[in-house]
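There are two complexes below, and they share subunit A, which is joined by subunit B in the first and by subunit C in the second.
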Partner chain A sequence: MLSNIGIALVILVSILSSLIIYTASVNLKTSKQVISKNIYTLSLFQTTFTALSFFTLIIGFINSDFSLINVYENSHTAKPFFYKIAGTWGNHEGSLLLWINILVIFSYLFLIFNHSHDKKFRLYTLIIQNTLILGFLFFLLLNSNPFNSIYPIPLEGLGLNPILQDPALAIHPPLLYVGFVGCSIYFSAAMASLISGYGGKLFAKSIKTWVKISWCFQTLGIIVGSIWAYYELGWGGFWFWDPVENASLLPWFAITALMHSLIVLEKRNTLYTWVIILCLSVFILSVTGTFLVRSGILNSVHTFASDPSRGIYILLYLSLMIFSALIIFFLKYKKETNNFNLRSRETFILANNWFMVFFLVTVLIGILYPIFLDVLTNVKISVGPPFFNIVIIPLVIPLMFLMAIGPKFGWIKSQNKILYKILILICGAIVINLFIFYFFGAYSLLSNLIFIAAIFLILHSFSDIIKSIKKKVRFELPRIISHLGFGLLVFFIGINHQFSIEEDFNLKVGEVKKMNNYEINFEELKTKENKNYKAVIGIFKLINHRNNLTQNLKPEIRIYSNPETLTYEAAIKTKITSDLYLTMSNVSRSDYYNIKFQHKPFMIWIWISALMIALGGFIQLILKKK
Partner chain B sequence: MLTKKVKNRTLFLFFIFGLSVVIVFFIIKSLNKNIIYFSSPTEIKQREDIPFGKAMRVGGMVKKDSISINQKEIQFIVTDFENEIIVSYSGTVPNLFAEEKGVVAEGKLSDKNFFIADRILAKHDENYMPPEIKEIIEKNVK
Partner chain C sequence: MKNNILKIVIFSFVIFSLLVFWQGLKKNNNYDTKNLIGSKISKFHLIEINNINQYISEEDLKKNKFTLINFFASWCAPCRTEHKYLLSLTSKNKDIKIVGINFKDKKKNAINFLEELGNPYNFVGKDEDGKISILFGIYGIPESILIDSDLTIIKKIVGPIDNIQYNEILKLVQ
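Moving on to the complex of A and B:
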């Protein structure tokens, strides 16, 4: 029943998309300067029916309708209600439907919110966006249909992977999808701009909001994923330079570059070609990331059951996209002259772009090199985290200096009046760094430079905040908050990295482990029955000899029933100044339990500063509306 | 004679070109330093030039009844059904680590029969098999 409704809705949406493409191309030829009412109506219907098809799937999951293969494979009657809903996008087919939803919704919103712009440009955007939508609809129908039915109808489902049954991971995919799929609209707009010749300032204005929206959501999505990895995967780290994490970083670097160079295009009407290239590459990189993750080519800790046939389809689609983008780009390419003064804001924004491109290239090489080597020579390698750390971290130092100074420069050309202030702040940063160095122990030259640069950026941002409050200018605040967030993030990651304590050992119940200032008592084991899992809870007493503080930590080993899986839940005690992190695991029912203990300073501040980066973006979105 | 503008631009282009060459060289160099090769126990036995003390990955199946645990470490045998290697590891193991299941260990070789791991790779999905191990099994188990 649901299966038929779902498939009918999806087919209806495909027909509507084709109709939109057709009416839009007819509308292009008329001389009227307004877009015909029909297109609005069709788009509205398209959006409604797409949303309905997604709701149909959600209903299938809520009612545990196992006549749908997708529900049978990814849900279970005993699952909590919240995770039944989250299960809708916790699998390949369902998430593809979500993907299409976002494509359609953005297409509709772009149509209705850009009244003031050129008709041809809007129609071409609509046509290209709907071509993208059609491509994904075919993929959904032919290869990954969430509405496929199964007969005889099973009585019980297989259940959702327990590691995905987590609040952070329930909201992580929708956030990332709004971020990554949202880029599609300015991919289409960029192509439309090339075709219709509607470029320059006005083009920048038309896509500005959309770039910001997707930037905010990408940033937030990556942070939430990182938080999830921290407390669910039991390593106590938050970034592993894992191929899947890297795949999410690629579009983020490109979109950050785009967001900055878009300002130049809007204010100075230059860099148009570069903006177009970035618009195209953001979405291409998003799809590339999806391809790498879904096809199972990357050997990652995040890899879920994957299917090569999906990979081939996405690869085909991807090459078509790149190919057509390139053709249109070179056919319509117009030469432009850029005259930049070295001491102007646009030069600094370009510098940002160079850094982003450098990071992008580094990470891309890190991802692709193992794949090429495997294909060419059949040698299997992976690229270790030190590669990314060595290449990227030193470059963060000059980046942070530029992030502080750049926005102080005016457009076109300006004088150095601010050198004096910069010198004072650098001295301040060096002094603070010396304090940290002196009181908390020595570290390497590189770390020193990083701390100085980060503190400089932080101090500079604070002085900017004070200044803008005095002058009562609000529009600079979002930028300052994001840049401050970045400075704080680097600073706290640095501190965290330098002063973390990590200890691995095996303990039996009743035993005591002593190290540094800590004493860990493994007091007892308890068991607990829950709705969909049984838990073995370890009771640990942690005594800190430095301040004689006693704390109880209760890590769990959970045995989920559907599907039968073990997960380890870390016990995390978060305080303002540090996190205590303890995980317990057990191998082949031996008496010994593996314990991983970590003391991580300023962990919560890493999250707060990362969230500040995203917050800056959101504030800007709200401020613009007023 | 070239005009000043053209000269400047050529200089600038050369500068950019030189810079990118240096950067790419720098990236490739550190890439080569940090490559982690994957080997099966058989490859370790057979290869003459296997590097000791360099980070690498070993993969295969955890042999039945081979896991032993004491206060400091876990020891187990990784097999590809032709050759075996002893792996010693201290730290938490991922939840899908078990006897007769696929495993990938990252660490250093201390000799041809002994591997000291500092990371055991976790897989989220119980049906998932790392592609490297799948290949080994397909080759050796018929």
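Moving on to the complex of A and C:
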């Protein structure tokens, strides 16, 4: 029943999308300056029906309707209600339907919120966006239909991968999808701008909000994913330079570059071509990322949705997208003359772009090189943290200086007054760094430079905040908050990296392990039955000899029944100054348990500062509305 | 003219990448070292854990009828469970020599580990950064490779050695 309703809705949406493309093409030829009412109506219907199809699937998951293969494969009656809903997008087919929803909703919103812009530009955007939508609809119907039915109807489902049953991971995919799929709209707008010749300042104005929205969601999505990795994966880290994580960084670098150069285009009406290139690349990189993650071409710890037959489809889609973008770009490309003053803000913004492009290329090479090598020479290698750390970290130092100084340079030309203040702040940063160096422990030259740059950026941002509060200028605040967040993030990651304690050892019940200032007692083992899993809980007493503080830590091994899987839940004690992290894993055929103990300073501050980066973006969105 | 060259470069790069992706889809991506059986081990240079002046290379292993190369670490719990099999291997069969490669471990911990459980190894080499283990195609420990005097791999055991594998090794070396 649900299967038929769902498929009918999806087909209806496909027909509506085709109709929109047709009506828009007809409308283009009329001389009237307004967009025909029919297009609005069709778009509204399209949005409604797409949303309905997604609700149909959610209902299937809530009611555990196992007549749908998708529900049967990814859900179970014993699953908590929240995860039943989250299960809708926790699998390939369902998430594809979510993609389409976002494509359609953004298409509709772009149409209704851009009244003041050129008719041709808006119609072309609509046509291109709907072509993208149709492509995904075909993919859904032909290859990955979440509404496929199964007969005879199974009594029980197979269950959702327990590692995905986590609140952070339930919201991580939707956030990322809004971020990644949301960029489709300015891909379409950029193509439309090239075709219709509607460029410059006005074009920047039309896509500004959409760039910001997708930037905010991408940033937040990546952070939430990282939080999930820290709490759920039980490795004690939060960023692994894993190919899948890297795939999510590619569009982020491009979109961050775009956010900045868009300001130049809007204020100074220059850099148009560059902005177009970025607009096109953000979505192309998003789809490339999807291809890499979903096709199974990447070997990664978390490619959970891979299937080569999907790969061919996404690859075809990607190829068509890239070629049409390239062809239209080269056909319509007009040479621009950019002349800026070297000490103006544009130069600094462009410098940001160079950094972003450099990071992007580094990560892209890191992802592509192993794939190319494997295909061409059959040699399997993996590019890991050392490569990224060596190439990327040193460049973060000048980037942070520019992030502090850049925004202080006025448009077009600037004075020398600021130099004085910069010098004082650099001295301040050096002093603070020396203080940390002497009182808490020595570190390498590179780390010294990183701390100095980060502290400089933090101090500079604080002085900016004070200034903007005094002058009562609000519009600067979002930028300062995001930049401050980045400075703090680098600072706390640095501290965390330098002063973490990590110990790996085996322990039996009743044994005691002593190290540094800590003593760990493995007191007992308990078992607990839960709704959808059985837990083996280790009770550990941790004594800190430095302050004689005793704490109980209870890591768990969970045995999920549907599907049968083991997961390791870390016991994490979070304090303002540090996290204590303990995981326990069983050792087959032995009484021993493998214990991983970590003391991680300022862990919570890493999340807070990362969230500040995203918060800056969200504040800007709200401020603009008023 | 300059523009055309740029266009050609960009298009060829894109086409090339897409073709590589397409080819990549057909490949089996599961990393599998089973196919290493029958091939020879690569050259290596292994330094003794206690004495940095002492080392062995693949040439030294040619003298042994059979060599079991075992990768272990003190932090690796399953290594404990297989240890008793390693100990009884050397006592049961004189033809087999065991080389231990201490993977990403601290020297002190490794020595404690061997003092506590006994030392089945004829030679213990250190591999602090895991680079030597990569030469052998190791992707996790414990892992063991059985080779003959030609340096040909005759068996690979991924994970701890258990009773079944222990007996198989004994059969192979007879």
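We take it that the second predicted complex is superposed on the first by the 624 of 626 C-alpha atoms of A that agree within 3 Å, B and C clash if a C-alpha of one lies under 4 Å from a C-alpha of the other, contacts with A are read in each partner's own complex, and residues count from 1 in each chain.
Definition applied: a residue touches a chain if its C-beta (ideal position, glycine included) is under 8 Å from a C-beta of that chain, and two chains touch if they have at least 3 such contacts.
Here the structure is a predicted model, which is why all the values come from computation and not from measurement.
Q: Since both structures carry subunit A, what do subunit B and subunit C do when superposed there: clash or fit?
A: Pair status: clash.
Q: After lining up the shared chain so the two structures overlap, which partner does A:D504 touch, if you call subunit B first and subunit C second: first, second, both or neither?
A: A:D504 sits against subunit B and subunit C alike.
Q: Between subunit B and subunit C, whom does A:I608 touch in the aligned arrangement: first, second, both, or neither?
A: neither
Q: Contacts for A:F358 in the overlay, against subunit B (first) and subunit C (second): which applies, first, second, both or neither?
A: Touch partner of A:F358: subunit B, not subunit C.
Q: Which partner, once the models are overlaid, touches more of subunit A's residues, subunit C or subunit B?
A: More residues of subunit A are touched by B.
Q: Identify the partner contact of A:K380: answer first if only subunit B is touched, second if only subunit C is, both if each is, neither if none is.
A: both
Q: Using the touch definition from the top, say if A:I263 reaches subunit B (first), subunit C (second), both or neither.
A: neither
Q: Report for A:L449: first if it touches subunit B alone, second if subunit C alone, otherwise both or neither.
A: After superposing on A, A:L449 lies clear of both subunit B and subunit C.
Q: Determine, under the contact definition given at the top, whether A:T567 touches first (subunit B), second (subunit C), both, or neither.
A: The answer is first: A:T567 touches subunit B but not subunit C.
Q: Using the touch definition from the top, say if A:V587 reaches subunit B (first), subunit C (second), both or neither.
A: Both partners, subunit B and subunit C.
Q: Hey, which part of subunit C ends up inside subunit B in the overlay, 7-15, 115-123 or 133-141?
A: Between subunit C and subunit B, the clashing stretch is 133-141.
Q: Once the two structures are superposed, pull the subunit A residues common to the subunit B and subunit C interfaces.
A: Residues 296, 299, 380, 504-506, 585, 587-588, 590, 592, 594, which sit in both footprints.
Q: So in the complex, the part of subunit C that touches subunit A is made up of which residues?
A: Spelled out, the residues of subunit C in touch with subunit A are 7, 10-11, 14, 17-18, 20-27, 29, 31, 75, 77-78, 80-81, 160, 162.
Q: Considering the complex alone, what residue numbers of subunit A touch subunit C?
A: Result: residues 291, 295-299, 308, 311-312, 315, 318-319, 322-323, 326, 330, 368, 371-372, 374-376, 380, 504-506, 585, 587-590, 592-594 of subunit A touch subunit C.
Q: Could you please specify the touching residues of subunit B with respect to subunit A in the complex?
A: Contacts found on subunit B: 23, 26-28, 30-31, 33-38, 55, 57, 67, 69-74, 90-99, 121-128, 130-132.
Q: Quick check on the complex: what are the subunit A residues that touch subunit B?
A: Going through subunit A, the ones touching subunit B are 161, 163, 233-234, 296, 299, 301-306, 358, 361-362, 365-366, 369, 379-384, 386-387, 390-391, 504-507, 563, 565-568, 583-585, 587-588, 590, 592, 594-596.
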